[in-house]
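A, B and C label the chains in the order they appear, each numbered from 1.
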Amino acid sequence: MIGAVARPAVGRLVAAVAALALVTAPWWIGDDHLLRQLSAVAILALVVSGLNLSLGFGGEMALGQAAMYAAGAYTGAYLAANVTDDLLVCVVVASGVAVVLGTITGLPALRIGGWSLAVTSFFLVILIPDIVDLLREQLGGYDGMTVGLPTMFGSELDVAGTYLVVAVTALLWFVTFRNIVRSPWGVSLLSMRRSPVLAASLGLSPFRLKLTAYLLGALPAGAAGALSASVNGFVAPSEFGLELVVGLLAASIIGGPATVVGAVVGAFLLEFAHEQSARFESWATIGYGTLLLAGGVLLTRGGGGVVGLVRAWIRRHADSGTVRRSDAAAARQHEVLELSGSTIRIAGMRKTFGGTTALDGVDLELAAGRVTALIGPNGSGKTTALNLISGLSAPYDGDVIFDGRSVRGQSAMAIARRGVGRTFQTPAIPSILTVREVLESGELRRSRPPLAATILRTPGYRRRRAELTAEVDRVSRLLGLDHLLHATAEELPAGTRRLVELGRALLGRPSVLLLDEVASGLDEEELVDLKDVVGWLSSCGATTVLVEHNFAFVNEVADVVYVLAEGRVVAGGTPQEISSHPEVIEKYLGRGAMGIEQEAAP
Amino acid sequence: MMTTVWAGVAIGSVYALIALSYNLSRAVSGALNFAVAHLMILSALLAFTLLGLGLPVLVVLVVCAVATGMLAIVEERVAIRPLRKNDSHGELVTTVGVATVLTGLMLLLWGPDLRAVRLGAGFDDPLSFLGGRMLPIDVVLVGAALLVGALTVMWSKHTVSGLLSRAQTMDYEAALLRGVNARRLSLWGFAVSGAVCGFVGPLVAAKTFAVASLPTFLAVMGFVALILGGLGSDLGAVLGGVLLGLVQAFASRYLDPHYQYIVPFVLFLLVLMVRPHGVLGRRETRLV
Amino acid sequence: MSAVLVADGVSTGYRDLTVVRDVDLSLQRGTITTLLGRNGAGKTTLARGLSGLNTLSTGSVALLGEDVTKLPAHLLPKRGLAFVQEGKRIFRELSVEENLRIGCHPAGLTRREVESRVAAAYDRFPILKSKRHHAAGSLSGGQQQMIGISQALCGDPKVLILDEPSTGLAPSIVAQVLELIRELRDEGLAVLLIEQSVDAAVDVADHVVVLDVGRSVLDAPPSDALRHAIRDIYVGRPVGATDGAGKETGKPR
C-alpha cells in the first residue's frame, strides 16, 4: 500500500523514469517513423497543456491555442527560410509571437469570457488561410511552404536530433507547467475559477490572473508550432482548421483540463485519432464530438478527466489517513497567532438597492482584540454592512475608516490586501484542492512569489514554501484540521469546510476577520468548538466581526453586539446590555418577551 | 454599389437566422445552442438527397423541418438537460460536442464534397432592385430572416409559452413554483427551434452550398452577429446579421476578398472592447 | 376543520447537509399557522421541502389527502400549493400584469378567465392596476410583495406558504400585509406564515410551530406561556444544550 506521504516521491520517480526514457528514445528506438510520431505527440501535448492552463485552471473557454500554434509554425517557417534555421532561435521567437497574438486577441474577450471568448478563438482560426494568402510571398499562400532541415548551433539536425530538441523542449515546459500549477499560482487560478468574489477576497485580480494563464498558455503553443514546422518540413493553412480546435478541446477535456499529465494523455489520444482519421475521418469526428459531449457533462465536476479518475482510484485504494487528530483546544490554550488588529470606524453608511434601502445611516466601531457581533432579523442589513466593509458592494454613502484612513472606493482586492480576511455564508472552496492547498491559498493575500522564482524553484522560493508549510501545519493544528490536510477540501462536511475557510483567512495573518454566519449549519459539538476558536481569535489580537443569527452563540462569544433592524443600528453594547435593551427585545424578540425580561430582572 | 449592398444584406440574413436561433435556444433553455448552424446544414444535405429523388420543394422542406426538430429533441436530452442543475457554462462544451458529432454524421453520410441545393428553375434569374442586382433566393432569405425575427418577437411577447420562457430564464426556481414545467418548455423549445433550422437550412444552402465544413464557420459568424446586435435582442440579431453581412460584402468588394472576414473580426474585437453588450443589448447582471 | 397539508416526519436539506429533521406539520383550512425560529433554524428549508424544491430524505407530504412526496416542484401549484419565497422573488424585468398572468398558469385557465382573475387581483390591490405596465422590479418593496402574493393567489391555491413577507417593509405596510393574511384565512385558505419576529407572528396566528436546529420544538396555540417558551429558545439557552431545553418545553399535543 502506498502511504499518503510516500505518494509524491513515487510520482516523482515515475516522472523521472519517463523523462529519461523519452530523452534516450533515439538510442533504443531505431525507427524514424516512430520517432516522428513521438515528436508529434510531444508537440500536441505542448499545445494541449497551454489549453489546460487557460481552460482547466483559468476556467475560460479560451481556444486561441490553435491560432497561436499556427502563428508559431509560420513564424518558425519564415525564420527558417529567411533569417536563420537555428531551431532554438525559431522556437523562442515563435513563442514570443504567440504571446503577442494572444495579448491582442485575448484582451477584449477575456473581460467578458464565456461564449465571446470561445467564438473569438474560433474566428481567429477561420482567418488563418486568408492571412496566410495575403502574405503569400512570405508564407506560401493557401498551398503551404516547405521548411528546410533545421540546425542547432551551426550543425544540421537529423530526425533523431530534431526529436531530441522536441523532447527536451516538452520536458522543460512540463516541468515549468507543473511548477506553476503546483504553487500558489495554481491555487490562485483555481480559486479564481471557483469564484471571482473569493479571488478578490484573497487579494487577487481575476482579470489579471486569467490573462496570465492565457498568455502563459501561449508559450508552449508557439513553441510547438515552430517545432512542428521543422519536424514536418512543411506548413499549410489546412493543418490549422476548426477540426484542430475541436480536437485540442477534446484532448484537454478527456485528459483532464485541471491536471498536468492530462495534456500528455489527451495528446496521445489525439495523435492516435489523427493517425486513424485518414481512413475514418467521419468516425473520428463523431468520436471527438461524443467525447466532448460526455466530457462537458462531467466537466462541471472538477475537471480531472482521465487523470483525475485514476488519481481518485489510487486514493481510494491507497489512502491510509493515519494522521491523528491532535487536541486543538489544548493547543490553543498556550499558543496564539500574533495578529495585529485594526480599528475600523464606519460612519453614516447608507446603501440602497433599486429603491430598497438596505442600510440607512449606520455607525459602527470595531475594536482590535474584540469580537463584535452584528445581529438582527433577515434583511436588516448585516450582510450588506459586511460586504461594504470588504469592498464587495460599492458605491455607498458614508465612510469606512481603517486605523484612521479612509478606504472608501477601494476595491475588494485592495481591501483584502490591507488585511481583511473573511469567510462566506456558503463556504467558497475550489474543487480538487486538498485542505493543505486551500489553507495555503490564504497566504496569497500577503504575498505571492514571483513567477520566475516559482518556475525555477529558487532557494528563496523553497525557503518560503518551507515556512508556509510550517505555518499551515501550525494553523491546522490549532484548528484541529491537521488530520485532514490531505483530504479533498470540497468533499468535507459543511462544518469542517467552515473551519477550513477560517483557517484560510488566518493564513493571511488578517488584522480584521469577517465571519459571515460561521455558526450556521454546525452541530452542537462543532458549535462548542467554534465558540472556543472565536474566543481564542480575539486573544490573538484580531478585530473579529461576526454576522450571526444565533443569539445564544453571540451572547457567549461577543464583546460588543450591535443590533440592526431595517438598515439602522437599534442598539449597541455588551451582550448583557443588549439582552435587556427594551427596544431590542421589542424589535427582535417581540413584546411578549419584554414582559418576561422585566419579570426575570432582579 | 447597390449590388454589393444586396449581397451583404442577403448573406447577413443568413447570419441573422443563426443569431435568431441562438436567441431562441437561450430563451427556452437558458443555454446557447452552438449547433444550430449544423442542424441547418444537415437539413440542407437531407434536402439535397430528397430533391434528388424528385420530391416537390415544399414537401422536402416540411420533411426536413420535422426530421431536424426530432434531432434537436435528442440534442436537448443529451446535451442540455444533464446540465440543468450545475449552473455553469457546460453547454459551451456539450453543444460544441453535438456540433462536432453532426459534422461527423454529415461527413459519414454525404462525404466532404460540396452539394448544391437547387430549389427550382425560377430561382436562378437575377432580379433588378433599386439599381442593384439580387437573386430570388436572396429575397427569400431576407424574407425568412424578417419572418423568423417577427415570429420570435410575437411568440415571446404575446403567447403564454413565450411569457413562461422569459420568466423561466430570469428565475428558474421562481418559475417552478408557479407551475412552469421548465423541462417540457426546454424540450419543446428545442423541437420548434430545430424545426425552424430544418426549414431554413435548405434555403441557406441554396444560396451557399451544403458541406460538412460550412456550419462551424456559419456558427461563428452567427455568434458575431448576435454580439454585434446584443445578446438576447431579436431585433439586434437581425440588425447585427445585416451589419456583419454588409461589412463583409464591402470589405470584399472594395478592399480585397482576403479582407472579407478580417475586417468583421476587427469590428468584432472593437465592439467587445467598447460595447461588450452589443449595440442593442442590455447589460446583464453577470456574463462571467 | 380539515387538514389541507400534512407533513409527516419530514427531513430535508442541501446535498450533505440535513437542515430539517423529522418535522410533523398539519395545516388546516381557514387557519394561519406561523412557523417561528431564529435564522438557520430550518424554516425556509422546510418550506422548500414542502413545495418540492428540496427533496425529502425522510417523511412524506400529503396535499388534500393525496401523497405528493415524490412529485416534482412544478406539479404542486396545480394541486393547490403556492409558495411565496422571501426577498420578493418576482420576475422583476417583466411587467406587473405579466407577473400576474404567470401566476394564473397553474390554474389552467382560458384567456378570458385569466383576464378576470387578473382583474380580481387589481380589485384587491388597486395600486397595481395603475402600474400594470411598469416593470415589477421598479415598484416599491411593499408593492412588490403585493405582486408576489397576488401572483400566488392567481393560481387559486388551497395552501399558501409565505416566507417572511414582512421583511424589509415599513411597519405600516407590515400591518397591511398581516391584515391581508387574515382576510385570506377568512376566505378559507390554509396559510403557513414563516416569521422571525415573534411579535407579528404570534399576534396573527391560530397556531404556532417553532423550529430550532432543524427540529420542531414547540407546537401549540398562541398564548403568553408560548411567548415565554419562544423567548427561551431564542436567547435563553447556553450553546450546546438545545436538545435538553427542547424536550423541557415539550410538545403539547
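The rule we apply is simple: a residue touches a chain if its C-beta (ideal position, glycine included) is under 8 Å from a C-beta of that chain, and two chains touch if they have at least 3 such contacts.
Chain labels with UniProt names: A = Branched-chain amino acid ABC transporter ATP-binding protein/permease; B = Branched-chain amino acid ABC transporter permease; C = ABC transporter ATP-binding protein.
Computed from a predicted structure; not experimentally measured.
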Pair joined by more contacting C-beta pairs (A-B or A-C): A-B
Chain centroid nearest the full-protein CA centroid: A
Gap in Å, rounded to a whole number, between the CA centres of chain C and chain B: 44
Centre-of-Cα separation between chain B and chain A, whole angstrom: 35
Centre distance in Å when chain A and chain C are each reduced to the mean of their C-alpha atoms: 40
Chain B, residues touching no fewer than two other chains: none
Chain C, residues touching no fewer than two other chains: none
Footprint of chain A on chain B - complex, ascending: 32, 78-79, 82-83, 86, 88-94, 96-105, 107-108, 112, 213, 216-217, 219-220, 223-224, 227, 256, 258-262, 265, 268-270, 272-273, 276, 287-288
Contact set on chain B toward chain C in their complex: 160, 163-164, 166-167, 170-171, 173-182
For the chain C and chain A complex, residues of the former touching the latter: 16-17, 19, 38-40, 86-87, 137-141, 164, 167-168, 170, 196-202, 213, 224, 227-228, 230-231, 234-240, 242-243
Complex contact set, residues of chain A against chain B: 61, 105, 107-109, 111-116, 118-120, 122-124, 126-127, 130-131, 133-134, 196, 241-242, 246, 249-250, 253, 281-297, 299-301
Chain C residues within the chain B interface of the complex: 51-53, 73-78, 82-83, 85, 89-94, 98, 101-103, 105-106, 151, 155
